[in-house]
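In what follows, chain A forms one complex with chain B and a second complex with chain C.
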Partner chain A sequence: MARRVGICAVAQTTYEPDKWTERFQGMALEVIESIQAQTGVDFSAGRGIGMSINVSDDIFDARTISDNAMTDVLGAHFGCEEKVAQEGIQAIYYGLAAIQSGHVDVVLVVGHCKESQGKSRNRVTHVAFDPFYTRPVGLDFCAAAGLQAQAFMDQSGLTEEQLAAVVVRSRENALKNDRLPAVEPVTVEEVLNSPMLADPIRRLHAYPVSDGAVGMLLVAEERVNEFSDTPVWITGVGNSMDSFFLGDRDLASNDALKQAARRAYRRAGIADPKTAFDVVEVSDLYAYQQPMWLEGLGICDTGKGGLTASTRGHCKPVINPSGGTLAGNPMILGGLVRAAEASLQLMGKANGHQVEKAATALAHGVMGPAGQFHSVVTLARA
Partner chain B sequence: MGKQRVAIVGTGQTFHKSHRPDVNGQELINEAVGRALVDADLTIRDIDAIVIGNMDHFEGINYVDCWSVDGSGGFMKPVIKLTTGGTTGSTLAIGGYHMVASGLFDRVLVIGWEKNSESDTTGAITTAFDPVWDRLVFAGAISGLAAEAQAYMARYSATDRDGARVSVRDRKHACNNPYTQLRKEVTVDEVLASPMLADPIHLLDVCPRSDGACAVIMAGEHIAEKITATPDWIWATANRHTYTYLGDANFGRLDSLAAASREIYAKAGIREPAKEIGVIELYQPYSFAGIMWIEDLGLTGYGQGAEFVWSGATDMDGEIPINPSGGVIACNPIGATGLIRCAEAALQIMGKAEGHQVPDVDLALSTGFGGCFWSDILLHGRRKPDF
Partner chain C sequence: MDAKYADSFVVEGKLALPYQYFAGRTGSRFITTIRDKKKIMGLKCDRCGKVFVPPRSTCERCFVDISNNWVDVKNTGTVTGFTVIRYKEPYQPFDPPYIQALILLDGADTPMVHIVKGIPVSQMQMGLRVKAVFAKKTTATIMDIDHFRPDVKDHVKLGYTYEELEIGMTASFSKTITETDVYLFAGISGDFNPMHMNEEFAKKTPFGTRIAHGALPQCLCAPVLGMKLPGLGTVALEITTRFKAPTYFGDTITCTGEIIEKLEDRKWVRMSLTWTNQDDKLVAEGKALVMPPQSS
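Right, the complex of A and B next:
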């Protein structure tokens, strides 16, 4: 068995629609200084941070090699620095591999994004499509999500009212989360009447434009006690990539998510996901995704996602106590924030939105058009 | 204490060209992937996970890990995307190594690619640097390199003939590699007579822009020996990334390479690199680096690199041949370039380099260069490492 890896600290800036007073380096610095203050970790050779993993999006940052702008902040001066250019939860996967390969003991993960810097985040996801077949029809991630939402609602019987309830509950949870100061409560009425973005996705079904940074410290089993009294073990990881072209996929199928979850559960030795977790944090960029991903993860039965997501008490775990991505995290950090929030729950440090006696958790991340690429990380309190 | 040792068991490259209008990016990637699978006698079903990367701005496609799946073979597989600029290829190789060494996977396909013909390379690279302090004076890739070469020449009295000698070597070597792009011998005088791009760098001193892809298959210890009788064992990896601001760099010395190589030598117990290492695939984007950076690698003392190169020690039949493949000066599909160095070092160890094979290579070194004077290194061995 490879050695276990613990999350010893997490830190987040607030997430806000426009942090115009901060450069992204400044946001990341706030995160790193918090992690240092919590753990006493430094960059000293052999003892401190052995590898820094940056998570950023070159297109959102409008810089190629966007980690080039981060090395100073990441303490990577003549150190080992890497960049994961995917949804941020992959950095946990990669950090885990680097520790389990025996090469480093302490890994710093820091992701940042300022979605507010682009004229439109839809322009950023528009260029994720191929230039010949799918860009000319105007696809972006929101439009692709609309197609998937149509397919899923058709198949599952998910209703507009259930979607509205998901949004209302997400906001209620988010109001207790001090990392989301800009969130305001909404009513079912307001959601049902909000403008249509990509039928059936309404404006209030979509996560808001968000700026922020998040980080965590991953440490090898033998050394976690140097940095934390409340480490959280990474018990399983899994990811899976579906086809790229939407026409090649059954958009309502959850195939990739099921595969990713299976991989994580197998590593974690989880037989029944319905009973395995106290807290589940899913990346719901759009409201329909929360019920859909819960079905794919096996947290509830197929066809029961709408009921599970829109009402409390229909499944064992507490779903998205942080408010979820729907309440406002940058897209490329969605899964990394989910893992950070799940870790806070297991550390007992989630403050206003703490779930009592949380001992096990699942964090989920998603990237690509209409949920092409899913990642699952399972966590347990030490 | 990794969970398992790691070896390269197959490699594949495209025939790199200045532009490939006949294929799109996915198809370009697929050519390299297909050749690597054939080389290892595996099918895509045998692959457990994929590590892929390029430079996102170049082709103007975001989230290429998602977009490229039809070419990479990543359908329903775990995929990790790593990109660090010029070092992307070597970052990918190191990433693939961790994925296998950790025991997470037994067979990992590593893919680096770039279609530079679809990009404004210098326009994109300019954006890597600080918009206020660096972009205005250090636009693109070549200006920082020219400043480095100038600083070195001033410090050690090197000349542009010394640089040209390196270019002559690599371009000669390239003639033996059917996969590389520029295969034409040149003379020192021809290099010096070619147009000046950024003093002292002439056109023939510097790398071209290329379309190309490279794929490398890595396998865990017990599987590697079943796949091939001649696995290329990865002995050690090192990564040293440094500055954010170009103005901070110690121009004329590649300190990151010096530090990374010392980490490698310490891990492998190498005391005299020029004697113990059989061949080097150096990520050397322009000729003068072939003098300066071999000093940073410790092959010679400071200021003695030019003499070492002129002596023929780094030629094909020399003491320590450098860039038998022709190196980066012969082709540079950026996101693939570092991985091509790794693949070429693997070919030398596996004895598969055909026309540019160096005889009896026991240890080979491959490097990556990029970002803001960053360096990565992998050490490859014919023998299984005993540590």
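Right, the complex of A and C next:
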């Protein structure tokens, strides 16, 4: 059996709508220096960081090969430098594979994004579509999410009130999370009266434009103790990519997420996801996604997502104690932040929003229009 | 941080690079057929039977080459999902609010995303039948289908289909035949026979006064067959008439049709026709063979 991989440290900047006084390199440096301070890790050959994985997006950074701007910050000159341009949680999978294969012992993962740099986030996600059939008709991730939200609400019976409750609860949790200083509380009425973006998605159902950086140190089992007293084991990972064209998929089905979850649970030896976790962090870019993804992950039964996400006490794990992506993380980092937050919970280092006695957790990432790609990572306290 | 924007070095940039993307042979044929023939085609997987629109040269499930299995799909379809776009972006094809919909074309298995116009946003619903509106000015893009709009044929209630018709069903139409009708009919038919036009001449005929052309009351079967029974969409194949009594000016003629036979092999029906006047006197009788409308 391949050696285990531990998360020895995580670090995050704050996430804010416009960190205009920061360069993204500066945000990343803050994260790396925090990880170094926590672990004492360095870049010494054979001992220190053997691989640096940068998570960034060319269009959000407005430059191709966006990791080129990060090499010196990552300490990657003449080192093994890699880039993940998809969901940041993929970098964990990548680092895990690099360590389990025996290539390296220590992997640094750092993701950054300044969504505020671009004039419009929709214009970035618009170019994720093909130029032949879907760009000319005006698609972007928000429009695609509108189509999926309508399909899911139609099938699941999810109500406007439940969606509002998801947003209110996300903000309540986020107010206890010191990484989200810009979050303000909202009321159910404010959400219900918020203007429509793409029916049935309202403005307050959508995650805010966000800037920030996140990182973590992944270490091979036998060297974990050099860097941390509170490592978190990666117990399972699973991915699944659905069809590109929206019409080729059943938008309300959760097909890809169910597959990703099954793969992660099989690796982790999890038989019943309902009872397996103390904390679950899902990437909810829009409010409808939290109940939908909870159903797809098997945290609750199909048709119970609305109830589970809107009211406490209908499932075993605590859902998105950090506030979730809905409270404000850059989209491309959503899953990586979820994994960082889940790890903090298991390390007992989630300031202000610590879930008591959290021993197991799940982190979920999503990318592509209307949940095309899903990634699931399961974690356990050492 | 106590930083001032005015004292900061901030570069205004723009990523804008004109591009040409080749859609490939499959995509090119799909688009040029829409452009040149106003026809939408898909590619069918012989193994699983799925028809892909937009076409794909390989079935993503069966991993087989399907690039030569072109099939025609209809310009009509059903809305399987929709959202209303309310925010404005420069790349959008229309000003918001507009309806972005998943449309399953008749004959296709993969809905395509496009725009629906011609229906108020508040009345939009799943299952709406829509029809492609092709662009007046072609651009060789998917926007050669300019948008979809409600298929208005659906709003016209077609008549009874063969299956819906039963022997014994009847319908009628009545009209008073005036001097004006007779003069107009003379103009239409060219039949200016003095027995219809000239009262003094008509006094010498067996009828003693002017009468209407026989074909004039006979025409009253047309609104019965074409608009009532079977109704809109009916094709008349044969009408026979035997005239029994004259129609005088001012008579009110009622034409009544009744289903008397269903011809199963051709899906046609035979009807009896009677024409009576205001005194219930039989003016004419006959039969009609018609082809009822097919279900839409």
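Everything below uses one rule, namely that the second predicted complex is superposed on the first by the 382 of 382 C-alpha atoms of A that agree within 3 Å, B and C clash if a C-alpha of one lies under 4 Å from a C-alpha of the other, contacts with A are read in each partner's own complex, and residues count from 1 in each chain.
Heads up, the rule we're going with is that a contact is a pair of C-beta atoms (placed from the backbone, for glycine too) under 8 Å apart; a residue touches a chain by one contact, two chains touch by 3 or more.
Treat the numbers as computed from the prediction; the structure is a model and nothing was measured.
Engineer: After the superposition on A, what does A:S243 contact: first (chain B), second (chain C), both or neither?
Structural biologist: Touch status of A:S243: both partners.
Engineer: Have a look at where A:D199 lands relative to chain B and chain C in the superposition and call it first, second, both or neither.
Structural biologist: In the superposition, A:D199 touches chain C alone.
Engineer: Looking at A:H77 after the superposition, I want to know if it touches chain B, chain C, both of them or none. Which is it: first, second, both, neither?
Structural biologist: A:H77 contacts chain B only, not chain C.
Engineer: Chain B or chain C: which reaches more residues on chain A?
Structural biologist: B
Engineer: Considering only touches as defined above, state whether A:S44 meets chain B (first), chain C (second), both or neither.
Structural biologist: neither
Engineer: Classify the contacts of A:A62 with the two partner chains as first (chain B alone), second (chain C alone), both, or neither.
Structural biologist: Both partners, chain B and chain C.
Engineer: Applying the touch criterion given at the start, work out whether A:F373 contacts chain B, chain C, both or neither, answering first, second, both or neither.
Structural biologist: A:F373 contacts chain B only, not chain C.
Engineer: Let me check the overlay on chain A: which residues of chain A are in contact with chain B and also with chain C?
Structural biologist: Shared contact residues on chain A: 59, 62, 131-132, 243, 245.
Engineer: Would you mind writing out the residues of chain A in touch with chain C in their complex?
Structural biologist: Contact set of chain A toward chain C: 20-21, 59, 62, 120, 122-123, 126, 131-140, 142-143, 146-147, 149-151, 154, 195-201, 243, 245-248, 251.
Engineer: Given the complex with chain A, which residues does chain B contribute to the contact?
Structural biologist: Within the complex, chain B touches chain A at residues 1-3, 24, 53, 55-58, 60-63, 65-70, 74-86, 91, 94-95, 97-99, 101-104, 124-125, 127-130, 237-245, 255-256, 259, 370-372, 374.
Engineer: State the interface residues of chain A toward chain B in the complex, per the touch definition above.
Structural biologist: 2-3, 51, 57-59, 62-73, 76-86, 90, 93-94, 96-103, 124-125, 127-132, 237-245, 255-256, 259, 263, 367-369, 372-373
Engineer: Which stretch or stretches of chain C touch chain A in the complex?
Structural biologist: On the chain C side, the touching residues are 1, 3, 5, 8, 10, 13, 15, 19, 21, 23, 27, 31, 52-54, 60, 81-87, 89-94, 100, 102, 104, 110-115, 126, 141-143.
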